[in-house]
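Letters A, B, C and D mark the chains in the order given here, with residues in each chain numbered from 1 onward.
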C-alpha cells in the first residue's frame, strides 16, 4: 500500500513555527526616537529587535518640517517592509515612533491595515501619533460614549479611543490633551506618542507593561525592551516608571505624573516568556531569571535522568539552569528547523499535529534509550506537548519527565496578551495529575508560584496580601478589573468559585 | 550632534543572518521518493528539512501517467513556494525528485531560474530528470565538447552535462544511458534522478557527498540527510554507498556499480558544519560528533574562564562539549534574533559590519566582567569574529578566548561548496598567532586535524598516507584533481608551495 | 551616426493613452443598487461601465445581515480588482454602493487608499457609507470647524465632511442626519449613500453632476450615467432631479427636497466629453449631441478639404457630424493603439512629446497629399495638438484645418473636475488667432457657445441672463462661488478683468 | 423576486474584450534593429506597435560587447514589462530582436516562459538568437529526428528546431548554418535572427507572413508591419521578398536566396483582419483595402437601411466603405468600453454570453426603431454575432442586416494562426441561409472571394488556376501541405469531400 501523503496539501503557513502554538502571545512592541538623523531608520531597527512581541504587522510615523507627519503601515515582518529604500525615503525626519503588533484578541486573523498602529489624529492646535502595548479595559464603554458624541472611529483599536479623547480635550497643548485623555482610561498600557516636536512615553499606574528610556548621542529613545536599545547602540538609562509620563523635547526629558500613585505590579510573564533573554526588565536579566527558574525547578522537582533537554528555544535557559543545579547533562534532544517563520493563521487540528514535526525534530541518535527531563517555559493548551512526547517516545526515549518553568496557566490575560478562552486552558480544567495522564508523560511538575517569585528575586516568595507582580494568569487575581470583559460575561475568580 | 543612522538605508537583505557570513556554504540538497501517493508533497517536506543545504531556490519534478513529467522551479524558500495547493496540484504522481540549491560558485547572485534543478531531458526512448549535490570537476571540458557536437545548453549547471551525455548515449534504457554518462564525469556528486517509472540514486566513487536510502510504507526515499527522512516518518535503511548506483522500480532496489572501486573519502566538513545536528552520517550522530569536537578542544586547548558561550547556532554542540569536559558553565552569551532568514546577497563591507548586530546581540547582563570561552564551528574570512569580539568587549567581557571546532580553513573546496578565493581565507594568509592578533582575542585555538579525526571516531587520528575523509579545505590534499580550476589557474598545494 | 533611442528608458506609464493629456478630467463616478442578490457584483459591473469617469481607484461597500458593513477599496481598474472571487466573497449582501475616482485636484499622484471612497462612519443609531461625484466648495472651512470641535479626519476627501456632519447631527435617523449635513454643504455633487437598509441618492440644488435612477427586477439602481444601467440590464427610469434626495427602502422610492429650489445648471461639458456616447443625459443622447456639435461646427466653420478625420476616440462623433453636414468624406486618418491603458502619472515634457506617438499613428497612405479637417472635442493645454499636427505634416498632409467641438476652455472647473491652473489653459492666454499660429495649423475654429447650446437642444442658443447649463469653464460665470478657492487667491472673472 | 447577479462571480479575465472571441488570432509579431544606441528600447517600441499580433507574452534579446547576449522574456503586454528602467538596463547594446506571441495552437493557455521567443543557442563558433512568426509544418518530424540524435529541447516551439538544426550544421558561420537549417524546414514563416554582429531576416518561399525592411539613421530595422517602423520614426524601405534572406552587418544589407524560387502567396487575411489599418502590406494600405472591401460589399449585397454600424473596432473601415458606396449614413451604433484588455483565458459558455456586454454596449437612443446594416470583418464561431444581434433588438432596432467583410471562414489555418477545429467553424457546417437563420439576422451576406480579391487590387478577381494569395481559410486550398496535421488526421479538401 502506498504511503499516504502527510497532508494534501500540507500548509506550512498554518503551522506555528516554534513548538509554541500553545503559548500566550504578546500583542505588541513600541519604539520611538528623537534627536537623530533619519529617525525612522532607527525605529525600523528597534522594531526588528522587538519582532518577537508581534509579527502580524508594523507601522512607523515620522515627522519632518518639510512634509509634516509621514506614515507607513504594513502587514508582515519589519525586515520585509521597512528595509526598502523607496519606503524609508517616505519617512524622513528626526522624530519617529513605531509599533509591531500580534493582533487584537477580538479580530485575530482578520486585522485590517487601518487597525495597525501608530494612529494619527489632527487636532485644532496640532496633531499627534500614538502607539501602545497593552489593553484599555474600559475601551468599549469609552468608544460608545465617543460615538454618541459624534466621533467617527477608523479602527477597532484601543489606541484610537485615546486619540479621540485627546481631540475633544479643551486643552491647547498635546501633552495636556494626553493627560486629559489618560485620566479617562483604565488598563495596562505602555504608550509612545509624538507631536511635531515631542516624543512622549507613558506607563499605566501599575506599570504592567515594560517601557525603557535610552540615550543615543544627543537623542533619546523609548522602547519596550532594552534589547532594542542594543541594536542601535543606544545606552539604557532607566525604566519609565509606573504611572510616569515622560515628554522629551529639545534634548530634554521632562517627567509628569498624570495618575494617582499606586504600588507597581509588573507582568511576571514578561520574565517567563514574552521578553527576549538579552533584555533587562526592572533591573533583572531575563536570561538569568529564566536560568534561575530552572534552578528552582530542579530543587522543587528533582528526578533521576540521563539528559536535560529544552523545548527549543523558549525552554533553553531554564533547561540550562535545571542541568546545572541537578548535575544531569544538558543536551539538544530536539532540533529546530530554522526555516520557519512565526506563523499565525490558525491551523486545523490535523495540520497542527503535523505541524510540530515541520519545526522540530528529535535528535534520535541522542535520545534512544535515555531518561529525558524535558523543559518548557509554559503549557497553555497542551496540544504541542502531547506531540513532542510522542516524537520522543517514537525515537526510543525510555522515560520523559516534563518540567515547566511557570505555574499552571489557568486564567486568561486581559492586559494586552492573546489568551485562549478559559475552557481551552488545560490548567483551568485539569489537576496536575490529570494533566500528567493527559499529556502521557512519566512525570509532570510546574514551578510553584513562590518558586517563580524567588527566581525573580523575591527571596521570600510571593506576598499574597500585596503581590509584587501581576500574576493574574496563574492566580486569577486581576489587579485591574477587566470591565469590558466582565460586562461581556467573564466571571472573576470569586464569582467563578 | 544628532546620531547618524546606522546605514541609510540599511538593507536587511544584504545581511547574513547567523553570524556566519564567513562560513563555507553547502551548495545543494537532493531528495526523491517513489511508491507513495502525491510524491511531490513528500519531496516538499523533505526539501524543507534540507533547506539548510541551500536557500536560494528549489525545484520539484514529478511524473504521473496522465500528465507525464511535471516540473516547478522557484526562487526562495521551500515553505514559501511548495506549500500552495495551486502549485502542488500541478505536481501529481507517485514518483518525484527535488532539489534545493545555494548557488553555483561561478554565478552567485546571478542565478536564473533556468539554472535551478532538477533538469529534464527528453530522449528517444523516454525522458529523465536529474538533480545533484556536488560538483563535476571536468564540466567545462565536457560542455565544450558537447557544444562542438551540436548540443544546446539551457543552463550553466553541471547537471546539464549529464543530461546531454545521456541524450547522446546509444543505449536504449535510461539507467544504461546514465552509466554511459557517469563514466565520462569526474567529481564529487550525489545524484537523484528519475524516469517515468524509476527512482535512481548515485554517489561518486569517493562518496564525498552524502546520500541515504529510506523506506516509507511500500515506497522508497533518497535523501541527502536522514533528518529529511524523519520529517516524513520514513525509516532510515542505509547509506547509498560510494560508487553505488541504486535503481528503484516496482518497490525493489537494485544496486549497480558503474565505477571502478576506490576507498571512500567522505567530506569531513559535513560533520563540522554542513549537515543538521539531528542527522546521522556514515553511522555517526552529527550532534554527538560536534559535542565530541568540543570535548577534544577542551582537552587540546584548555583555558581558565567563567563561561563557555557558543556563537549561535552552529557553535552550540561544541560549546556544550567544551563546557562538559572543562567544567566551565555553559551559557547563552549571545542571543540570536529569530526573525532573520538566511540571506545570500553579498553585503558591502559596511553593511556586513552592521550586519552581525542585526542578527546577534550580546547578553550584556550575563557577560559583564566575565572571562568568556567563545566557541564557533569555523573561521573562514574572520570578519564576523572581529565584530563579535567587539560586541563582547563593549558589553564588558573581561577576556575572550576563542575556540574553533575545526582546523584552519586554508584551502577552497571544489566539490560543491561555495568557498571564497584562497587569498580571502584568513587561515591561508596568516599564522595562528597572526590570526589571534588580527581577531583581537585573548587567545585563539583551532582543533587539530587529528583531534577532529578522533572526534569523528578515528581513535588513531588521521592516517596521512591514506586519509579516511576528504579534508582538502584543511589539508590542501584534493582527492579528485579539480581539472577545470587548475586549467583556470588554481595552483595545487605542491605547486603553491 | 547611430540613431539615438527615443527616450532612455521610455516610460509608457508616463504616457496619456488617448491623445488627451490636455483634456479636462472627470473626477468620479458613483453607483448603487439595492434589492438584488449579491449587490456588489452589480456594482462592480456598473463601475466598470463608469470607468471613464475615474481610473485611479475604486471602492465598494456592501451590507448584509450576517457581517454588517463590508468594504473594499483598491487602486487600479475595476476589472483588475473587483473581479476576483476571493475579494467579491467579502462583499455579500443585497445592498451596495461604489465609486471610481480620478483623483482630487490637490493631491494628484499622491492619493492614499484612505482617500478612496466610499467612506464609512458608525453613528450612535447606526452607520452609513457615502460616495460622491463633484466638489464641496466650502469643504476647507467645514473641515476646520469640525477639527476644532474634536472630529478626527481619516482622509483628505470632501465626502468625509458629510460623514462627520452626520455623526454630529442630533437627529436619530440617517436620512435626517444627512439632511442636517447637506444644509451645511455648498457645491456641485451627486451622492450615493447607504445605511443598513436604505439606498440614498442626492443631487445638489443646481444639478451640476448627473445621477440617474433605474430599476432591475424588484431592485433599484442609482448611477452617474445610463450606460451603467445597460451593462446590468437595468431599465432607465428617470434622472434624480436637481436638489432631490431619494431614499429607497423595501423596494420603494421616497423623494425628499432638503434644499431651497433653484433653476438647474447641468454641466454642459458632460455632453462635450465626460460622459460616454451611449449614455442619455437629461433626456438627450450624448452621441447625438456630439454628432450635432459636428453639424453645427460644419455650418459655423466650413472649409474646403478632402477628408474629415477625428482625433480618436473622443473626436469621432463630431467628425461624423461634420462629414455628414459638409459632405467631405469621413476617414480614419489617425489610428489608435489599443494596448494603452489610460495613464495618469504626469509625464515629463520630453516624454509627453514622445507620448502621442505611442498611442496614435498617422495612417500615412491615406493622408499623403490630402487636405485634412481634424476634429477634436476640446483643447486644454494644446500640447497634444501640436504633436498631432506635426505627425500629419510629416506623413505628407497638404493642409490641416483644426475644428474643436467645444468653445475655448478658458476657466478652471471647481465642481469636481481636474483642470490645470488658469495660466496653463491655452485659451486663457491666447486669442484664437494666436492659438492658430501657436498650434501651427492652417486654420483653427472652435464652436461658438451659442452653437454648442443649439447642439444640446437650445434652439435659441444660450440665455445670457440665465444660462441653461453650467458653462463656467467657457464663460467664467460660476453658478456656485468657489469659496475655498477664492480664499486661496483665485480671482473670479469680474476681479480678473 | 430579487434580480440574480449576472454571474457569481463574473470574471472579466475570461472575457474577450472586443467582440471578437470568434476571430482568428494571429500568433506572432517580430521586430529587430541594428546600428542604433540601446537597440532594445527601439525593439520594445516596435513590439508595442505590433501588440495586436500577440498579447500573451513577449521577449527581447540584445547583444553588447561587454555582456554578450542578454535576454528577457515575460508574460503580458509589452507596456507592462519592457518599460521598466530596471529591466531595460539588462538589455544593452546596438543590436536586438524581439517577439510578441499569442500562443501556439497546441498549448493554448498553457504556455510556459520557456516557450516564449526569441530562442538562443550557443554554437561552437558563436551563438544566435531567433524568433519567428508563422508555423513550420514539418516541425514534429524534425523534432523526432533531432531527439533521436541526442538534441534536448527546452520548449515546445517550432523555432527551437531551427536552432538545433543550426547547432548541428557543419558550417562555421551562422548565416551558412541558418541556410543549412532552412533547407530542412517547410512552412510559412518570417524569421528575425541575430548573431553577435548580424541582424538576419528570412521569409519563407511563398512569403505567406509579412516582413518589412526599414532604415533609421545609419541603422536598419526588420518588422512584421510598417506601423512599427512609424512608431520609432524609421523609414519604410521595402518588403523582405518571399524566399529572401537578408543579412545586415556593418550598416549594409546583403540579400541571399536559400530557397528555390516560387510564385508568392501572401496571406489575404492579413488584409482582412490581422494587420493594423495603418500598415502597408505589399504596397497596399490596409485601411484602404478594408474600406474598399466595404465598397465591394455594398455593391454585392445592397440593402435598404437607415444606418451602417460597425462592430468596433475591426469592422469600422469596411463600414465606412459600405456607407460611402451605399449612401446610408455611418453611425456608432455600438460603443466599446475602452477599459478591457485583450484577454485570453477561455471563457465558459455562460461567461462568454455575458462577455460581450462587458465590452460592447448598444447606443440605444440611436438604434431605436432603425434598420441597421451591421458590418463585421469576419465570423468564425458566430457566438458573438448572436449576442450582438440580441442586444440590438433589445435596444429596439427594427431590422438587422449583417454584412461580413470576408468570405465564410470554412477551413483552419496551419500557417501560424490560431483557428478552432473545423467543426467549430460555423461556415464549415452551415450554408449561408442556415447561418442567417442561426444568427437570427434579417439578412446575412459575406463578400465573395472574387470581391475580396478585387478589393486587394486584383481587378480580375481570383485566378483559380494560380491564386495570387493564400486564401486557404476560405478556399481550403493549402499552398503548403500541413504535413504534421495530416499525419495527425486532418483531412484535406479533396479527402474531406
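Here is the rule we go by: a residue touches a chain if its C-beta (ideal position, glycine included) is under 8 Å from a C-beta of that chain, and two chains touch if they have at least 3 such contacts.
Small disclaimer: the values here were computed from a predicted structure and weren't measured.
Shared contacts of subunit C and subunit D, meaning chains that touch the two of them, come down to nothing at all.
A centroid comparison over C-alpha atoms places B as the chain most distant from subunit C.
Computed from the mean C-alpha positions, the centre of subunit B lies at a distance of 62 Å from the centre of subunit C.
Separating the CA-averaged centres of subunit B and subunit D is a span of 51 Å.
Rounded to a whole number, the gap between the C-alpha centres of subunit A and subunit B is 36 angstrom. For subunit A, the set of residues touching two or more other chains is empty. Applying the touch criterion to all chain pairs gives A-B, A-C, B-D, C-D. Partner subunit C is touched in their complex by these residues of subunit D: 1-13, 18, 35-38, 41-42, 44-45, 48-49, 51-52, 55, 77-79, 83-85, 88-89, 94, 216-219, 227, 230-233, 276-278, 280, 284-285, 287-288, 291, 313, 316-317, 320, 324, 329-332, 335, 337-342, 357-358, 361-366.
The part of subunit C that touches subunit A in the complex is made up of residues 113-114, 121-124, 147-148, 150-154, 163-164, 167-169.
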